[in-house]
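Okay, so chain A shows up in both of these, paired with chain B first and chain C after.
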Partner chain A sequence: MLRSFGALCLSLLGLAALTQAGSSSGNSVLVVLQPSLKRDAFSLFFDGLEKKGYSLTFRAPKDDTPVIIEHDVPLFDHIILFAPDTKSFAKDISPQALVNVLNHKTNLLIALSPKQTPLSLLAAEFSLILPPPGMPLLSHFPPRDTAPTVIPITVPADNAVLTPGTPPVWFSGVPQALGANPLLVPLLRAPPESFAADTDKDAGAEAVVDAAEKGGEGLWAGSALGVVTGFQTRDSARVVWAGGVELFGDEFAKKEIEKGVKSGNTQFALDTAAWAFQENLVLRIDKTGHHLANETTPREHYTINDLIVYDIAISKYNAAEDAWAPYSGLTDLQLDFTMLDPHVRTALVPVAGAPGIYSATFRAPDRHGVFKFVVDYKRRGWTFLHSSTTVPVIPPRHDGYPRFLSAAWPYYAGAISTSVGFLLFSALWLAGDDRETKKTKKTE
Partner chain B sequence: MGPLSLLLLPLAAALAVNAGQLSIQSPRFTVLSSDGNQLRTEQISLSKKAKEPVTLGPTDSLKLTFQVKEEGGEGVQPHQTFLRFYDETTGEEGIQPVKVTASGKAKFDFNMARPPASLPPSGAAPLKVSLILGSFVHTPATVELFDLVVPPSLSAVHPDEQTFHPLPEIQHTFRPEQKVPPKAVSAVFTGIVLSPWLVLIGLWGYLQPRVPHLFSLSILPFTVSLGALEALLLWYWVELRLGQILLYGAGAAFVAAVTGKQALVSIGEHRTGRK
Partner chain C sequence: MAGPKATAPVKGTSSSTSSSSSPSAVQTLWKAYLDHTAPRLKFIDSFLTFLVLSGVLQFVYCVLVTSFPFNAFLSGFASTVGQFVLTASLRSQVNSENRTLFKDVSPERAFADFVIGSVVLHFFVFNFLG
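Up next, the complex of A and B:
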């Protein structure tokens, strides 16, 4: 009790708003902590998570229990891998096993280090290119009394994942060059003046230049590098790769960024975990529907040229209330009406007065076939939304065509006049007088 | 870096006491055309930025020379001598390390025909070129050199990247409406089709058909059932389905057959004079 009170005081800045929160995908977290790291060295981060309602289970990298997946069902919703120097892992934490875990929609938070480990090799599969082993990020800027590898980094203000106004954070570790993969979500980038190097004297300058030149290993430098980078798989499981585990530690969290101002590490670590653990920017499709413009119930099929209305209900997870709420804030949602290729692509706009409902009205193309309503919403950092509804579009039935065409008036007139003529002739012939018979009758 | 540098000013001041500030001396750039002609050569002013950006054509080359010095002292070889090309509009950045001799002299040149890999993809905005000097023993420095205009180039984009942004709207192109002749033309031809009735009405007075048996009980049902059959066909054309017309038609046809037989029998009796 005393301890949690102390932690609360220390992290007042970050935690005041975040108590009573939770993840949209479950609260059980496995923390794989290498033996050289102590739980107490990360108490601010771990206590912060527990305060949010997560239950943490600790395990050493080589332990066999608790297992991550049992009978093909994951036992944990999220895994924190704080084992940046560990070279051998238990079988179910091997890189292949971790990819499998991701396929089960378990989220990962992975810390790396300049050392080469199975995890740093796995990073390459996530379009992160790490410098050669033993090359940490260093920066001579700004002049300061810490080692060049302990770098203060400004937190970007325009990142939806991070709390605006977070003070700069201390970082120490390895940078990542980012591939062009759109599944990557850069969270924190290296300062422009920083670079990765393995030298600790000015005489190492030649080695830096040589590495960058042709035939060398390349240069990891500048703000194009990431130091903390997220990755969201196609089915919206999330991984965060952090270049160093110290970022989450108490030492950096308590270290002053300037006199009297604590670093933003505590806030940043919890923001990062919040994104990784599906608290932030989480959307889901509640339902979809389609109908004719002047009807309300869906049709089994539509006719070409019909005016069709498609609507979709979207909710966003609100971590502060631990609940889903209708969300009308998407401005670039689109609907495709697809048969092999999209025939119609139109904007789904929020319906005024109906929270969370987006709607689009369009005319069915004059091509018949099996169409699909497709909503495929992919934006960096947000849960990917995908919905596909199959509906046939048919040509009009034999009696669905227009009647009384003006071009056919002569034909209608001809047919009707023949009928009337036949009727008139029949009536006259049947009801008429047979004069010849009458004459013979008269002569009799 | 602005606010951060401010935050760390006290630290910087503390460090500056025991190590000299790095700076550069006699920075100079030369722009050469592909045939070796000197297009522009200028001393770079460190205090105020050149008004005119340096422009490179697709085959021009740029040569940059300077010496790194400790402020008020000897030339030094810093740990980090990086040229930074930065496009403020796109955020694209390229870092190019420059080789510096032990005495601090540095020379860097490149040809736009074979631009270095570090040159970032650029648009219309000029690239800001700055020099980053970093050292373990000296106070680091960033020097703004000049703005550089290079031919625009495109960045490599992942094939899936466009699906992460709003895609262009697609409108379906519908077939044009069927062309219909003017209604007046249709009306004229309808008139021609109906014109025989005018002839019939005109000759009606001459023919003067007499219908004594029209309301006779043996004839009228058949005439009416014939009329019903015709009406049924008209109804079918307007709205009935095939199943319905077969059902109703069968009923009407049966009635017509029965009444027809009766009618024909009665006419036959008339004509043979049995009545």
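Up next, the complex of A and C:
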């Protein structure tokens, strides 16, 4: 409540300052910049963010103010950590504190370097395996006039986070081997011919060959490595780990990839930040509802074998207009009707003519109990959607069963004929009794 | 009920005339039954026969066709069984040969018990019939 109020105030301030707004979760950004890096060296990136509507606050890694979390309420919506060489941080930027910040749904953009720092140790907690200290990514291809550590990397065209057609980007820094964590969102991978090795003498190449002969164990080489990797926590806070801070700098942004072709660094950096700061691929559930097939209002409970309709309204954040818009583009949304196990799992299909509404009609299972409508949509890169609605399913009431079934008529006839027989028997018995008493009287 | 009651004595008289020529055990038994059973008991027996047939028919239907409204089968079948039990107990109580066993129970009392038991039985049967 407090946080949302704070976010509202901040976003109102942001709106007052600039009408062109970006993030769905707030526009205040804390930039932790190590003293050796100057703001002017990243002017294209930071100005690009400010142009989008973000308000940037700068802070050195060892400063104590401004604080990140006050009274358990985060004061910033996003944090950029451009302190790849810093070995000691203020108390509230320690790795544990950063995890706590993530739990408050504050997004992080973290730059690493070949040096070993607290941040590179934290990367291991996100299933990113860094090479030993002092081993940056190297590539001797394509032949170029730069050092082997400054590598042009082609931007993948099929990544939903990145703008298609972005020119190759210059990269210099440390690669990461990706663990099997499903929460990882690889954004940029190392070129196939690159490897991590000791820069000075290029002697690490021997180690690479050795490792390759051992079946790739301990090998930091090839396109399986990531250089910029996202991570989305289970409650949809986002972290981006970039292997080098130069990727975001003006020097690489202005450096030409080929003669006359500017590098894609500016575009790539802003795309990456857009994903990390909840501009891109952000979904939310507006409303869920359920009712009987021929009714419109929800029931408090349903009867077994009822025909139930479940619908859900989903919006996607549109950063260009700073507005949520109904989104019908999900093709693999599913509904589970669950009591411990999903008894029904069915597709939620977009309703034609109703933007953002997905609906499923299904028959309740022939089993009573406390069920849940569960929508659990987890896709790499997208906000995780989860909705659970509890509803009891009861057996029919005593008068809710079908009656006078044709199959049961022999039994009805049997019971009726027994009763009729009993009545006739009693009547005849009594009639005969009279006669008999008369007879007995006569005989007496 | 009128049918069996009307035909039983007729059959009895016709078979009793021709029974002396066939001395098989079943026929002897049948003849003895016809000769030595009081007409009231024969009347009860015809009702019991009807109940047995009705119950057997329902059971066969249940086994061969469907037991689907199972409560209907149970109540239909239980009505025949229950009525059979009540009628059989009436038969034993009004049988003059059992007079020594039921000294305290007059035939009128036995019939009243039978009627009350049957009314209660049919009440439950129709409640359960569905």
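Quick note on the criterion: the second predicted complex is superposed on the first by the 371 of 444 C-alpha atoms of A that agree within 3 Å, B and C clash if a C-alpha of one lies under 4 Å from a C-alpha of the other, contacts with A are read in each partner's own complex, and residues count from 1 in each chain.
Simple rule for what comes next: a residue touches a chain if its C-beta (ideal position, glycine included) is under 8 Å from a C-beta of that chain, and two chains touch if they have at least 3 such contacts.
None of these values were measured; they are calculated from a predicted model.
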item	value
Touching partner for A:164 - first (chain B), second (chain C), both, neither	neither
Contacts of A:401 with chain B and chain C, given as first, second, both or neither	second
Chain B versus chain C as contact partner of A:410, first or second or both or neither	both
Winner by number of chain A residues touched, once chain B and chain C are compared	B
First (chain B), second (chain C), both or neither touched by A:426	both
Overlap of the chain B and chain C footprints on chain A, listed as residue numbers	403, 405, 407-408, 410, 412-414, 417, 419, 422, 426, 428, 432-433
Touching residues (chain side chain B, partner chain A) in the complex	1, 3-5, 7-8, 10-12, 14-16, 76-82, 84, 86, 91-100, 118, 132, 134-137, 139-140, 142, 156-158, 160-161, 163-172, 174-175, 180-181, 183, 186-187, 189-190, 192-194, 196-197, 209-214, 216, 219, 222-223, 226-227, 230, 233-234, 238-239, 241, 263, 267, 270-271, 273
Partner chain B, residues of chain A touching it in the complex	139-145, 148, 152, 154, 168, 179-182, 191-193, 195, 197, 199-206, 208-209, 212, 219, 221-224, 257-259, 261, 305, 332, 334, 336, 342-347, 363, 365-366, 376, 378-380, 399, 403, 405-410, 412-414, 416-417, 419-420, 422-423, 426-428, 430-434, 437, 440-441
In the complex, chain A residues that touch chain C	401, 403, 405, 407-408, 410-415, 417-419, 421-422, 424-426, 428-429, 432-433, 436
Residues of chain C touching chain A in the complex	1-2, 5, 39-40, 43, 47, 50-51, 54-55, 57-58, 61, 65-66, 68-69, 72-73, 75-77, 79-80, 83, 87, 111, 115, 118, 122, 125-126, 129-130
